[in-house]
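Each of the next two complexes has subunit A plus one other chain: subunit B in the first, subunit C in the second.
This part shows the complex of A and B:
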């Protein structure tokens, strides 16, 4: 059974000008210990998916339909107090982009860590401090004893993200949602954070939902990837398979638009703009920009159907399977 | 363990050692040195606090020793500030009065801060009808001119020390509530507020342990400035007879006593307590302005 099972999740933002359907039936599942990447353009609903799962959406956003199953419980229908006491931090934790802004500027790192340990794991002051030091060591903070007394503005971006990770892992969650965890960090630091996340996954066996627009990052870290377009899953599958043989035209276009070494000529771009969520195109939301679009695409929403082993695609006219892949099985 | 040691180099590379720790106190002194006006303010406030603590010990006379033979004597070596109509030494009374005035001011500012900050925090954090209900009630309080409202409260309660505290506290509450609400509105939208909840803090903890400390700097500055105004208002209430009553050594009362002898030209009776008030207000205002600079990380000296 999957650790987390999201089915037909619908989230809307209720604005004065109307209902903005940011998520329109997103379904995905995460197995224990798995790293699932959620990729897509800005505005495709990646972060909203994360916030809908943990119920951290801000006004005027609201989950209007669907289920988020965790241990047989539907997080969408749980009381706020149950989420606070039993889910957030303990079962599902989050890290964010711009880590320095995700730490409280007026409280020392040590206090932020020990606070959570004391209320959530019932430790006394000394136990909490010892545990905080242990956790900081596990995310490779050098000299953790003195770091405990630092304020977030005294930290570098990479160190702040390590501490944010330490904070998120302090209650040993089974799922870590990482919302663009490397945005705003330099490339070397990005790499270190990726290595750290991978190692933590191997060591603790927690699952990670990695939200990113960086396909290279997804390739480094993920077991499977789900591609989100305009609030719907376009394609989902094992990372190698999806990168080598994308079946959805959007995934293919996304991969083709990556800058690559030794690339001749211009980078391919996807024509048109991201769908207007206030008045989304009928049928498949990608059809106005799709090279494979036919009549049926404008009329019927394609269901997310299994295509290759482990791969699911929502497309009426998928790309052909690449030959070398078919040959190798 | 082997895994950890191997990775200790790669992911942790480039982390520098912690910077040398600068003591909070020595940093405070350093900030003060670059800011003479604040230093002057702090000095005045310290003098007032010391006279409040030690006044009765230091004073050469009993502040309530009536000596009609020495009635309304001008400044001299024996009585540097002169004596009032009852022959009481004015220097002694000015110094001793610091205790009562400071007590009233700190109680009033403290009480209004606690109530105002709590109201503002709830209004800003929970919004909706909390916000509407609390802030409209503050609007009602603010609809009257400050001092007129204080007079009305004092008149309703009858004269006394508690009256002064309640009346001056009541007029200060809306200022705190408004400031706190606006601070809370901006700070609750920050990334760290979201992150704190995401890693497992309850909303209630978020409000008091994470968001409130982020709002304290402006509150401290406002409180210091408010102390200055409150001294004026407390003395004002006593001056018009709605606060502390005549035999008490209190700056406002002493000015009122001096005014009875205004036409006789006994200027020292009202001038010295008046100067005491002026200095106290000046001190708190200078300190408040300076604290604004010192406590704001963007404006401090490096």
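This part shows the complex of A and C:
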């Protein structure tokens, strides 16, 4: 059984000008210990998916339908107090982009950590301090004793993200949701954070939902990838299949628009703009920008169906399977 | 290490009080002398010989040039003398000592009341935007800003004194002419308790209720509005989302994470309102016949009582400076990003 099973999740933002349907039936599952990447353009609903799962959406967002199954319980219908006491932190934790803003600017790193340990794990002051130091060591923070007295503005971006990871790990969750964890960090630091996340997964066996627009990052870290377009899953499957033989035209276009070393000529771009979520196009939301679009695409929403070589794709006119993969099975 | 630096900072700021007081004093001095109107005429009246008039002018140094008057005033001040009031014929410092506690007590209780209501009101309104509590907060803000303070005071007197008869009328601090021989703190409520005079304590409290409510209600409006605004912003911030993502109880998230960040602007506006009220609640004192600084300064201005005006400005400026010093120290202690 999957650790987390999201089915037909619908989230809207209720603005003065109308309802913005940001998630329109997202379904995905995460197995224990796996790293699932959720990729897509800005505004595709990646982060909203994450915050819908833990119900931490900012105003005026609201989950309007679907299920988020965790241990047989539906998080969408749980009481806020149950979510707070039993799920957040202990089962599912999060780390964020811009880690320095994610930490409280007027509370020391040590207090933020020990506060969680004392309230959530019932430790006393001494135990919490010792545990905080141990956790900081486990995310490779040098001189953790003196770091406890630092304030977030005294930390570098990479250091702040390590502290944030330490906070997220403090209650030993089974799933870590990482929302663009390396955005805004320099390349070396990005790499260190990626290595740290991979090591932590191996060491603790927790699953990771990695939200990113960076395909290279997804390739480094993920077992499987789900591609999100305008609030729907376009394609989902093992990373190797998706990267080598994308079947959804959007995945293919996304891969083709990556900057690569040794690239000749211009980077390919996807024509048109991201769908207007106030009045989304009917049928497949990608059809106005899709090279393969036919009449049926504007009328019927394609279901997410298994396709060779082993992924699930929501497309009426998928891309042909790449030959070398088909040959190898 | 941090606390020594904070002490040094406080010392520097305390030294700064002296030049600011000098500037305030100079401006007051200049303004009172520029404004037409001769205090000798007012005090002595029209039926007085020219010789006597000149003598009075001489006693008050008013026959000397402006800069000499200022220098003489500073000389007296350095010896602890603030001059003799033209109207009360007492040393101004004695007048102020008698009146300041009345104002200080009234304004302090009014501010405590205002903060005690505004803080929870603003926080609740920020948590539950567009709910009934938010509507109350908004109503309080609008009423507090737009309602004339004298009208509120008179209405309260009409209802609770004249109509219901529950509270004493506008007769000052105790509701009767009780004189205190030796004030200890100057706060009548506290002095009464210290002396074990429970009857006096009750009278003092009863007399305080209406003026405190009047002043507090007006002071509440900006504090509640600021609290609501900064708390709403803090509650939408990333660090609050982090705290919630870790499963910290909502009470902890609101009070220890959000409020700690929102506290500085709230304290700033509270200090501003407090300082303003200490120097400017003339109307409340006049309505309730409160024997405080407001009345004193009002009378001093009307009768061109130069030493009284100077003394009043000196005292109020000093109190302002002390309040803002306390605020800056609190800010430095609360926010690690503040450099000092």
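Quick note on the criterion: the second predicted complex is superposed on the first by the 327 of 329 C-alpha atoms of A that agree within 3 Å, B and C clash if a C-alpha of one lies under 4 Å from a C-alpha of the other, contacts with A are read in each partner's own complex, and residues count from 1 in each chain.
Going forward, a contact is a pair of C-beta atoms (placed from the backbone, for glycine too) under 8 Å apart; a residue touches a chain by one contact, two chains touch by 3 or more.
Everything quoted here is computed from the prediction, not taken from an experiment.
If you put the two complexes together on subunit A, you find that subunit B and subunit C bump into each other.
Of the two partner chains placed by the overlay, neither subunit B nor subunit C lies in contact with A:220.
Legend: residue contacts after superposition of the two complexes on their common chain; A:146 is shown touching subunit B, with no touch to subunit C.
Residue contacts after overlaying the shared chain place A:203 against subunit B, while subunit C stays out of touching range. In the overlay built on the shared chain, the residue A:114 is in contact with neither subunit B nor subunit C.
Applying the stated contact rule after C-alpha superposition, one finds that A:245 touches neither subunit B nor subunit C. Looking at the shared chain after the overlay, A:192 reaches subunit B, while subunit C stays out of its contact range. Which of subunit B and subunit C touches more residues of subunit A: that partner is B.
In the superposition on chain A, A:49 contacts neither subunit B nor subunit C. Comparing which residues of subunit A touch subunit B with which touch subunit C, the overlap comprises 54, 56, 58, 84-85, 88-90, 93-94, 96, 98, 101-107, 115-116, 119-120, 153, 164, 167-168, 170-171.
Of all residues in subunit C, those touching subunit A in their complex are 129, 236-239, 241-250, 252, 256-257, 260-261, 334-337. By the touch rule above, subunit A contacts subunit B in their complex via residues 54, 56, 58, 80-81, 84-85, 88-90, 93-96, 98, 101-107, 112, 115-116, 119-120, 138, 140-143, 146-147, 149-150, 153-154, 156, 158-159, 164, 167-168, 170-171, 188-189, 192-193, 195-196, 199, 203. The touching residues of subunit B, counted against subunit A in their complex, run 3-4, 7-8, 10-19, 21, 189-192, 194-203, 205, 209-210, 213-214, 216, 297. Per the touch definition, subunit A reaches subunit C in the complex via residues 54, 56, 58-59, 84-85, 87-90, 93-94, 96, 98, 101-108, 115-116, 119-120, 151, 153, 164, 167-168, 170-171.
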